[in-house]
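Presented sequentially are two complexes of subunit A, the first with subunit B as partner and the second with subunit C.
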Partner chain A sequence: MAVEEYWAPATLSDALERLRGGDVTILAGGTDLMPQSHAGRVTLARGLLNVRRVPELRGIEAADGGVRIGALCTMSELMRDPLVREHFGILAEACDHFASDQLRNAATLGGNVCNASPAGDTLVPLLVLDAEAELASKPDGRVQFRRVPLSAFFSGPGRTARAPDELLCAIRLPRPPAGFVGRFYKAGLRPALDISAISIGIGGVPGGRALGQARVAYGAVAPVPMRARRTEQALEGAVLDAATVERVAAIARDEVRPIDDVRASAWYRRELVFNMTRRMLGDVAHA
Partner chain B sequence: MSHMREIEFELNGVRTRATVRLDMSALAMLRDVMGLTGTKYACGEGECGACTIIVDGVSVCSCLMFAVDCEDRTLTTIEGVGREPLGARLERAFVDCGAVQCGFCTPGVVMQAKHWLEAHPNPTRDEIKRGIEGNLCRCTGYVKIVDAIEAASRAEG
Partner chain C sequence: MTVIEKSSLIGRRIAKLDAPEKASGQTRYVHDLDLPGQLHGSILRSARVHARIRRIDVSKARALPGVHAVLTAADVPYQRPLGVGKDQLPLKGDKVRSRRDEVAAVAAETVEIAEAALALIEVEYEDLPVLTDPSKALEPGAPVIHGENLAPPSPHDSLKPGEPGDAEAHRHNVAMTFDYAQGDVAAGEAESDVVVDDWFRLHYVTHCCMGVSGVIAEFDRSGNLTLHSNTQVPFLHKREFAEILGMDPGRIRIIQPPIGGGFGSKLDIYPFEPIAVFLAKATGRPVKLVFSREEEFVASPTRQPVLLRLRSGAKRDGTLTFRVCETLHDNGAYTSWGATTPFVMMQTISSLYRVPHCSYHTTAVYTNNPYAGSFRGYGNLQATFAVEQQMDELAEKLGIDPLEMRLRNAQEPGEVTPQGMHFRTCGLRQCLTTAAEASGYREKHRAALAAQKAPGHRKRGVGMASMLHVGGGAKIYPSDGCGTILKIDDFAHVTLMTGASEIGQGSETVLAQLVCEELGIPLDAVTVVNNDTDITPWDVGVHASRTTFIGGNSAIGAARKAKAKILAAAAKVAGVAEAELELRAGHIVRAASGEALMSLAKLLRSLHFSDKAELVMTTHYYEPPSRHQDKAFKGDVSAAYAWATQVVEVEVDTDTGVVRLVKVTGAHDVGRVLNRLGIEGQIEGGIVMGQGYAVTEDLIVEDGVVRNPGFRDYKLVTAPEIPEMDIHFIETMDGEGPQGAKGVGEAPAICMAAATANAICNATGVRIRDLPFTPEKVYRALHAAAAPAKAP
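Take a look at the complex of A and B:
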């Protein structure tokens, strides 16, 4: 279908009004929307809504003890931000692995989240950081906000809890506990521009050869980027000797639900999950 | 057929107007509407960097950008990059180092190098390679490309 209308509103209220009207495609960085629509995998709606000018979607600022990251923040902005680098290093690390410089300069965090690819590079670190999505809508003439934990936000490949009349304004990250350490791993064939075969995020507070308050997330091994709760439970209070690390990595291998596709077979993904989880647990526990 | 919109922006230092289709890429606008064919179309999905331009001070793949999103922004393409000292140094260095084989990737590499050197004024060779990892040279002439970017970063002026 042809795109008949284009809007680039300067206020959140106007943007939400357009969304409420329906039949709208939201445009931010465009790095995914453009090739997907040209390839026919995404059909552009009648109206194209460029949200670039909405001020509520911009900036990275301290909030509620943690940080509020505007949905329009690019990967390059995130990588450079001192607050992100200091307290949310695992997110900066994932941005560093993201595509190429040209893509990092244009692609937005909000776009990566709303595309909801099981392999989305930022999603695994965001899950490890207990991120929340801040959504706005204007159902009855008043702007309303709600927050959804990211672990409940993804419902399938490309599907999220965002309603069609809602706009993702920001990602909120609570301040991690004192001593928190996070590590990110992405398996791909080359460092640049690769879609991951799997990705892993592990975070927690190391101490006494254990990893306290462990958070483990995997990408590209299930219909959605997932928190591995059984693996986390197995880590709680466990002294990470070689046998325990092996046992926990085996639980992770059982917990993921990968498929065969062009990038890797399900078997290979499970083996990667096992081997890399084992290696990363050793790293994190002794960090 | 998608509808059209007239937009205004700065292109290579000149205030410019263009009438573009709503679903058109910035690359298609540059080549087909403005007639600036220095920026190349190759993969169309952000993998190769041949279409790299600078928008509001950062390098982007123009094939991934909507033309309407250029409204009120500042664009520099290969046709205009030589107006700035760093751009001119890069052009000179690519010639001097023979960093051009078929030449198709060259405009994109020069634009990316311009942006990267602004952020990394004294790069190591590894940093240069990191900076151009989003640019493919199918002739595989990377050594001389890195030589040229390194030479431009050292050159006076």
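Take a look at the complex of A and C:
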């Protein structure tokens, strides 16, 4: 079906009003939406709702001791932002593996989150950073907000906890604990411009050959980008000698649930999870 | 007295003449052309891999506003078979044999309407048993892909080697066979101290031209057909279009807009081209038909996939004794040039190194897969992959350094091989030593061997491979020639009309340069016209790395005739003997002193506007002194042969299987460097194309369906992965070549996969004979893990 109506509201309230009316497709950067609709994987609704003029969806600012990143922030903006680079480096690192310069200039963080691809490049670092999604809706004439932890936001490939009348306004990141370090790894033939076979994010506070408050997340190894809680538990308080690193990496290998597809087999994905988790933890231990 | 010093353009760094236009986006490719009244054509392709067409209903499509024609085979009863094998009709009527098969076509006011009309066409299929594994094609009871008689019947009475098969062979899924033999392989094997015997598997890749396939077909009111076409072979296609369309070839004009890359993909005629003509005929309007990128992946040719078994032997001292090569070519559903790659493959098997005894056999079998065409290197990447890995294997078994092994068997200048190739110039030995020394091959190879078992996940290794390829045309057709018409106007501006097409390789620039060199005029005094069969003289086409050599010699011939005319006239005017005159910087000068006697323009005007009433216009047709092969595939098919050695240095991550190319050192026998900037670009581009073939590119075909028809999952090499390159030119000054040059277009892509395989083996001790070296495959090989069962 062809798009019959196009809306470009200038306020959040107007945008939410349109959403409440239903039968609209939300357009931000369009870098996922357009190829998917072209390939017939997404059917555009009757109305196309361009949210790019909504001011509440913009900006990167300090909030609640952490940061609030507007859903419309592009990958290029995230990579360049001093606040993000200083306190949330793992996110800037992932953006540096995101597609090409042209796409980074157009693709938005909100779009990457709502597209909910198991291989979405920013999702693994956001999980490691304990991100929350800030959602807005206008069910009864008044704008309402709610927050959902990102670890509870994804429900399947392309599916999220966002209700049809809700708009993702921002991603909120709490300030990480003192001494927090995060590392991102993306397996692919090319440094960027590649859909990852797997991706790994590991964060925590290194010290005494251990990784405290460890957070581990994996991409492209399950229907949703996932936090690996069992792997995190195994890390807590463990001294990262060679045997422990092997043991933790083996737990991670068991914890992921990959599939075979055109990019990699499930077996190879598990091998990568094991080898690269081991390598990344080894780096922590030797840091 | 004005003195003009002698100067030369040869070997200089000259920017391509079309570079400003292309870099600034001004070039008008076929995509950018729109003719008044033009309609847009679009093709409905088969939804099935192998099926009978029971019924096609186009009524809804025809009823869609904006649609001017909907054609199926039933609407075009005059269709004739096309392509190398003449084994398909443009529109398929009763049966589809692959997913690229053309079932119906639409001409409409816009691309969008045409696409919408395609979606309204109803096709009822009856599935037939599918054959997508070439190794099962010859089994009794295998599904038969062909065997029906196309009208008119095949002109081939019996299956001749190197000729498309007849209907009887087709009934057994055999499209083509090739057999070649020299010496006595049994005797060679008997005198061998070591023998290696391996299977090699070569995969599908495709050209990925920036300019996708496209054509505009237009009839005038007198019934003359003009095609704006991306073809690489306009003159051959003029004739073939005439046959397919039942037209007088004299009424067909082919104009080539600037072509956005060919690499061999535009060497055959494909169904979309006559379909555009059918649509133009049906509507009386110009019809433009340009592929989408996805369509280009699905419906343009691939490189020939090959299953290859090679057995090679050597004596204790490293001397090669014999080679036996058998290949199974997956022909796909139809026969295009891919099936004929054995012409080139057997040259590498028999003659890259001296081998006294040799046999070669290919069977190309029909399947329901995509079909392969010509692609830069033409089978040589595949053959070199096997031959050069076995050179390393033999060296290892004999405890000989791989470089020494190659030097011991290297061809020399003057050699006439048992296959009949005469290497008048041959720089193989210099290529080998230059590439090895510049890269530090020996030391790195030894160091990597010693470090194979060392701890750590990053392994470095170095590998080499050499290649032999035609460099002076290839006498495949009745003529391998090229014609030139040269005219000089009253202002000493030259228009060079050449049959040689520009497809991005830089021929326009090098031909202008060669003419300037003869006539002593600056480069901006030449206009090259090379894209209109109504104007330019005949040429066989852009293939076989022939254009600089053949088109260059033709241009030089025409320029020399013009020069002779000019100097004869100047001698009379100046009262000086012709032999004492030269042309420099737009002037007639005394050869000895450089004294300028008169401007060339003034002399030309004095010829034109005088009682002589003469214009300087010349023609030349150059036919290289090469020979056709005989029925046993023996003969000196090229007027010169190109050589190269490339050394590839890799880093293998044993945790992930990722192979990174660190550095490529190349030494190329190019005869002579004409345009240094152009040849560097061509070699760098070829190296990257070869790198893609080796490590990233993989057209995934499962059950006859292309699974990755887009640049997201078909992975071209991008800028960050391009290795450091160190390129050396070996100038052997070929006696027949234009200013000593040989062809080089295909050469740089040929060695890369083989050298990379050897480098991976040097780094890890694991030899992989299955392309491409994608991370998962390399990882499995390193960890000796079997390939997984296919996902359900």
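Basically, the second predicted complex is superposed on the first by the 284 of 287 C-alpha atoms of A that agree within 3 Å, B and C clash if a C-alpha of one lies under 4 Å from a C-alpha of the other, contacts with A are read in each partner's own complex, and residues count from 1 in each chain.
One rule holds in what follows: a residue touches a chain if its C-beta (ideal position, glycine included) is under 8 Å from a C-beta of that chain, and two chains touch if they have at least 3 such contacts.
Please read these numbers as outputs of a predicted model, since none were measured by experiment.
Look at A:159: by the touch rule set out above, it reaches neither subunit B nor subunit C. Of the two partner chains, subunit B is the only one touched by A:4; subunit C is not. By the document's definition of touching, neither partner reaches A:41: not subunit B, not subunit C. In the superposed model, A:106 makes contact with subunit B only, not with subunit C. By the touch criterion defined above, A:146 reaches neither subunit B nor subunit C. Once the two complexes are overlaid on the shared chain, A:229 sits clear of subunit B and of subunit C alike. Using the contact criterion defined above for the overlaid structures, shared-chain residue A:187 touches subunit C, although it does not reach subunit B. Once the two structures are superposed, subunit B and subunit C can be ranked by residues of subunit A touched, with B on top. When the two complexes are overlaid on their common chain A, residue A:209 makes contact with neither subunit B nor subunit C.
The intersection of subunit A residues touching subunit B with those touching subunit C, taken from the two complexes, comprises 191-193. Across the complex, subunit C is touched by residues 187, 189-195, 197, 259-268, 271-272, 275-276, 279 of subunit A.
Taken together, the subunit B residues at the contact with subunit A in this complex read 1-3, 5, 22-23, 25, 44-47, 49, 52, 58-61, 63-66, 68-69, 71, 112, 115-116, 131, 133-135.
Across the interface of their complex, subunit B is touched by residues 2-6, 8, 27, 29-31, 33-35, 37-39, 44, 48, 50, 52, 76, 99-103, 105-106, 191-193 of subunit A.
The touching residues of subunit C, counted against subunit A in their complex, run 457, 655-658, 695-696, 700, 707-708, 712-713, 715, 718, 720-721, 774-776, 779-780, 783, 785, 788, 790-791.
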